[in-house]
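In this document, chain identifiers A, B, C, D, E and F correspond to the written order of the chains, with residue numbering beginning at 1 in each.
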């Protein structure tokens, strides 16, 4: 099939200083464990930022670093890039400026969910972050089959630390998505939730498919590489060449 | 990653009698060549049907055979099934009755296209077949970003026989999708068009991504197996048990 | 106005063997009793199938027989055909292949409901069957005013046998459609429910119009004949001529 | 089936003084000729107004008279009312205040068109009047399958007088709806166009169904009476009782 | 900036005879108090009508007077007109026939609300009047972000008389819009509710913006005058010149 | 009415170094000239960035500076902020973090356009930038009445320099929006185009309203201040307090 290829996973926080180096390693291992035989995964950090993206402010602040990180990886010969946040921050800017395929976990997860059930719900960490999701799905024309977006009331960092109680909140909120909102399939709307590695257990308990955005993104990146596909220059034209005033 | 798994590709025509056994072999080889290391592909025929699906009549006639074929494959231990037609015939019926994941090339292609550009066009064989596509996309809530559906004016069998002129028609029609309809990404709306193996050449000529539904379906099936996902019983509940009067 | 015309009502089950010949006669009488002076109604059975359509599997299995039955009726000089199931199975295939107008009770009922209130709800028999309805309405661009689809939890055969308790379930479920979902008009989403002949009583109790799909279809068929209208060949082009391999 | 019933067709112009009494008679005859055996049709005029409705101004001016005319007919024992203009003026107000079913030719025509093809176009008289149509269809949630609205460039009165050239304009504009806009079915968007009685000829020439709003409305009124249906009080609640200050 | 300009506020009831001359004066003062330095406001009554618009019947009856009143004001040199009812009655007819900008409080309020939050709810007086709102928003393509329309169960006249209990009903209903329907911003759907001058208090209590339609319309009128803008003749073409038969 | 208030207009380029200080002054004068009597306008620059925003890359790079600039202005007692780019960059992030109302010229312009005609078109500078507009309008649920987005083929800086030929391109492109796309109202989709001060002339030539986003934003800011309104905390919740790792 394809030769050896390198997929970079761009973190959205300076994780060495927030959750620590070990967590970066754990995430890299998780990715590698689920990667295909020819795939080498790499996890990139950012020089500065908040510990997580839970608001547009957080996204705006880290976005230039995501752009720089993935531009550099592209220049260094990486084969595909994954933006390590369900809200796909800076994805359009990155696509404009690199040639390797750039995968957004939010987009990949919904694309998979649409094939697994008629109506999907998205689980977000905090209630406060949940307001950012719907407009983004509207922008993509993907709300017709959205059952609901629900926050579980646990912050991203608490999820990453597998705070006691988080699993219970995920379970309860998921149940409401199914019973009250009519969801047929669930999408985990946060990478730290995904890295908890509880999606299969959740699915087993609730009898509906649960999409893990880390894995959806990884498999989509591999698929694009397998098929020789990248994003359309017609949709993301190269920016006009012009000076940056620093 | 995963162990060895068998993916069956269910043809929608009795191809031994239409395009011939060699073509079945060629298609099986094409699939296997693009499959992952752990994937074994198998191509299933049907006992009767038209040489191609180009109308709802054709779909209705072959649908019970698709259902039976994939039910048998599921019972025989296959791990995933692909319905070998872009119009995803009988997909809901099959999903209701089997537990292995069932992939529709139409659905998989659009799911991929949505990540590769803002607006997509679908290329169908005959003009006459093109009227079936839009309602199906509407049913899935996926028309907001549809640029157009255009027939190239060549029948499925002519495509399978790589009729002289077909490539030219594909090229010209694709160009109109881009220039007149505003498509950013193209989707080949026919498996025989996909098996022509011209999607990369088309993409190179027109500078937009071209989604091949055979490969989109294959990679989606592999992804679902890698991730342990299958379609939601909440969306496709098992039919009530009851007698069939033959 | 018009001369004498024959409208065939195509059953979707081999009713001689399921509900029995008497029920076929009762349904024919019901149709004739509501038919216009110049209309002769006829009820056609199918050679095989399930006792009812409650899943896509059921629809797929009986669809070729519906196609054959209505093609034969058209060839035999019938003037219009009604597909005897609210899910309008095989309607597109039949329309492609016959010239007489083909009426789908699902389509006719919604068309009437749209003129009787702002938002409509559809009552289906089993909860499990209810998932098939929304995508079909989406395909027709008719969900903007859909209040809800609710199953009453009674199977089609139980409805046909006027199982004790069915009426109460219809009444309760209808009330929830109005009070919880905001329905202004109700549509009975099942022919056996319609043949119970309780729609007027239901309407009287709940003070909203209730559309009976059997009668909506019959009156639409008569209207099309009165006005000399049939479905558009532009939407349902004749299938290309080609051999069927049996 | 049903007993004798009286359907009133409410003109939207003081036609005695505009097109003349003979034209009222001709329209009444046309209606009666297409009516069912048990139907008696009656044509009501208004005391004042413009010769036609070609703008919202025209509609606003005649609306109180339509309301009064149909309220009186209802009180006098009429069984159903048709508003004699494709734009269905005052229909909501009338429905709030009478108990007999009130039919809008615009709504009835689209309801029929939706069953005859996938996409429909509406032909309006003047270009200037055409801007009123789309918002009205949007209000009803019926634009998803609208191919186009096109004016033929002939005024209502000129149509009523069968002005030379009108037929040619209808034919040409219809052809553009089909060829340029993708219409599968045409709807005549004006009662005077409908009363020209050229819809069947147009359909024969262009090979697509053509819906005549006069007849669509008449048949819908008869259907509602046959089925004992009227509009929902939940959608059109009775106005609160209160004094009118004259 | 601009010179002195006169904005007329067209009442929809003969208020001298309903709420009384003092209330007209109070409303005029309220408008003037919120108007810009160069704005002179004027309140016009109508010769006849109901005391309020709470149904389409009420709107139809007063619409010709609104048309005449604003036509006369336009001819008399007014610079802009506001239609004094949230349902924007006769707005299209008026726009067709005058050159000064005509502002509808319903349209202006929603336009503002769309900039203040993602999802908005509309508060209407009576439950019975609430059914008129959604189709109107659909006609304008503005329902995608509509959270709900809820009636507070108090009539317009009771609101105008600041009936005891009205404030409590407003508060409770608003709370339900926020908590049950997910509204981020509230729109007062009635001018008498707006003239109660409780919008700021409501906003302070519930911590969401509350749009007052009287003030939204006034500021929009001033903006249009400041910017030299008026409604498009392409959307609201001048009616064809023709005789009115009185 | 209101007291003295300060509205800051946040530039999106380090204009001292790009177009020069004089242009900043000219823009400030333009704003002040159109401001109300009580309004003081102020133009803020950014420390670094591209000369214009013509891609998502450009937006991502300048967004943190917009955020910082408007946060500082808010802290310094400004009363309202305008983001000086039609694409409303960073608007959600700013709204999350400040209490003064933040106006996006894109949102304000469309809100006004929706009241001036049925269908609107947006004129963008370069063709390449035009792909960013539609998803943004989709996110806001405002595409139902969008006629088209068309680039005029002139860069932002060329517009700012009033490059010869720009006016002609604006005129020609606008004409196509009206004649080919059916626009009833035009929106200038670029601040530099707006500052050319040709919108009134364009409107006079083409007989449709033309919305100037600079002025739409300014008047909206004044309106929000007049009415005491600001964006909803429910839609833009304050970000969780947490450390920023620099």
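What we mean here is this: a residue touches a chain if its C-beta (ideal position, glycine included) is under 8 Å from a C-beta of that chain, and two chains touch if they have at least 3 such contacts.
Please read all numbers here as calculations on a predicted model, not as lab measurements.
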Joint neighbours of subunit F and subunit B, given as chain labels: A, D
Pair from B-F, C-D or A-C with over half of its contact pairs in common with E-F: C-D
Chain pair showing more contacts of the two, D-E and C-E: D-E
Taking each chain's C-alpha mean as its centre, the one farthest from subunit D: A
Intercentroid distance (Cα basis), subunit F paired with subunit A, Å: 31
Centroid spacing, where centroids are CA-atom means, of subunit A and subunit E in whole angstrom: 45
CA centroid of subunit A to CA centroid of subunit D, Å: 53
Euclidean distance of C-alpha centroids - subunit A vs subunit B, Å: 28
Residues within subunit A bordering two or more other chains: 118, 131, 135, 138, 140-141, 144, 184, 234-235
Chain pairs that touch, as defined at the top of this document: A-B, A-C, A-E, A-F, B-C, B-D, B-F, C-D, C-E, D-E, D-F, E-F
Residues of subunit F touching subunit E in the complex: 1, 33-37, 103-104, 107-108, 111-112, 114-119, 140-142, 144-145, 178, 183-185, 200, 207-209, 211-212, 215-216, 219-220, 222-223, 226-235
Interface residues, subunit D side, partner subunit F - complex: 131, 134-135, 138
Subunit C contact footprint on subunit B (complex, rising order): 13-14, 17-18, 48-52, 54-61, 63-64, 67, 90, 92-93, 96-97, 126, 128, 131-132, 135-136, 138-141, 155, 157, 234-240, 242-246
Of subunit F, residues touching subunit D in the complex: 118, 144, 184
